[in-house]
């Protein structure tokens, strides 16, 4: 029995991981799906990367979790890297699911192509609270390309505006991921085009982990919506010892 | 119910798409498999890229087709890009199946490695009518690598000499594919080595589409012969809204 | 009915191919799993690349094998390339399974990243007999990433120290693989991270074969342990005419 903590990506909350969590629990494990500060319903969007990381460190502490397989999705990779730097003693293994892997001093925006930065800059400037949302066509074609239109629309409907400071803040780490002693896995959905595949997740970002385990499965960036059971199976292969 | 128009690649005719079309029709759709000018049995091989494109524009017009999902395979990507530029109002979505994606002023030969150009130059020069054929070993190993030998031979037997001018003519477009407002998908057969994968279809050519939906499935460049049902399933995922 | 000769990689013996061989034999073929000189139980580790190659040439000769589909795994790619140069008349097709492809004058170490060379240099210098072993964490995460821990440990237990000279010796070939007239296939396990995928097996090494057939299947570098039947199915697709 292993304790999994699944940390969602931008625009999501922990709730979207629940169908995945159910499938992992069915194999006898404990699964937590916290929501990062900045994405919690009704709370302030005035949240930077440091506070986002702290909210998950606090979650582990408040629930007294240890020996945790800590998974981060997309932007969640920023968060779990920070958590691993601050609370390594609670963690058994890190799992990056199509996730950003920052070195000390890097922001998420440093790892995305210029046209995304320009898009985010524009959208956040036009918002009342420095948040970003994805235009639906990008969501539908590049993020959830393996869904039908109805599911793409339904999933889009649950997204929440994301605090942009968490994309522009540079992470502060005492050591880079490759130097962290923790075991690490990279779970790759092979049809993910949320980043252009010429400037993609793997091997460009995964190899910043140093030694890591690759687990590759078919699917888009949003397999949590399109096939939660397949995602759960991938997580179990990535998360086991 | 959607209307699909499947545009074949070099050396092929629309007939080779019929088993794929049958599987798509079984899902309730209408499917057309026209043959491009230059590949029609008994007709002249004195056909350039402009005439090839015009023949599919004419097909749409003569059959009064609109709201069409227009798919192009390989060389067919040259053709559908030209059709999209001339008859965008008839098209609902473009689907490139391991297909060339030209910008204005590019020829197919501009996107293939030098040793293919040299091969095509030699074969066409030796022909009576400026046509090219593939040597069987290249066909068998790099195009239809997922077939057994009997199927590879049978499929090779239905190919027709291809008018080489359609490879060397530069396409004239009023705008490049990335600027076209139409939704676009790239359907990728992941074992396709018809182009060397270091200089391959995706992401090298796919990303010329700008925003596009990726759908990836196992198979070779010639999945229309080796698994028409799997290809049909991929087309439906690439072609839906 | 075809005769397959399966040539193992570093640290392995032919015995580890037996479950794969059984599945190929079940389809009516003859399969040999020789062990390369330097990996034979109880024999000297004072073996260089030339002697390793010669041991398989001798095996073909002593068993009077001809019309052979000769497969090499990983380091075994060095060996079968040398065998093909010396005994081409006995070979029907070469199959490289996530294997090194050397040109004349190249050593295996010329094709691996610097941190592996440094690791191997250190381990071999610390050994009594100029042999190398893999640290278990690298084996578990990067070589046999698709196994559970129990299988990873069990498989690690059957490995044998590998004569390092076979990694540092430069191969002598009368012609490079791309110029060899033999048909060639590359069988790719797509989750293989034994080499970093940014400096990986395919297309970086596969394309040194010139014209080749690609067959891609899911799995790690050690699919012989984790799914011998799937590997056998891949070998049959790669090995057929």
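For clarity, chains are labelled A, B and C in written order, and residue numbers in each chain start from 1.
Just so it is clear, a residue touches a chain if its C-beta (ideal position, glycine included) is under 8 Å from a C-beta of that chain, and two chains touch if they have at least 3 such contacts.
Chain identities (UniProt): A, B, C = Alpha/beta hydrolase.
This one's a predicted model, so the numbers in the text were calculated from it and none came from an experiment.
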item: Overall pattern in which the protein chains touch one another (line/ring/star/complete/other); value: complete
item: Size of the rotation, in steps of 5 degrees, that lays the CA trace of subunit A over subunit C; value: 120
item: Homomeric contact subunit A-subunit B: same or different residue positions, threshold half; value: different
item: Chain centre separation (subunit A, subunit B; CA means) in Å; value: 37
item: Junction residues of subunit C, two or more chains touched; value: none
item: Residue ranges of subunit A in contact with subunit B within the complex; value: 137-138, 140-142, 145-146, 148-149, 190-191, 193, 196-198, 218
item: Parts of subunit C lying in touch with subunit B, wherever the complex brings them together; value: 183, 185, 202-204, 207, 211-216, 237, 240-241
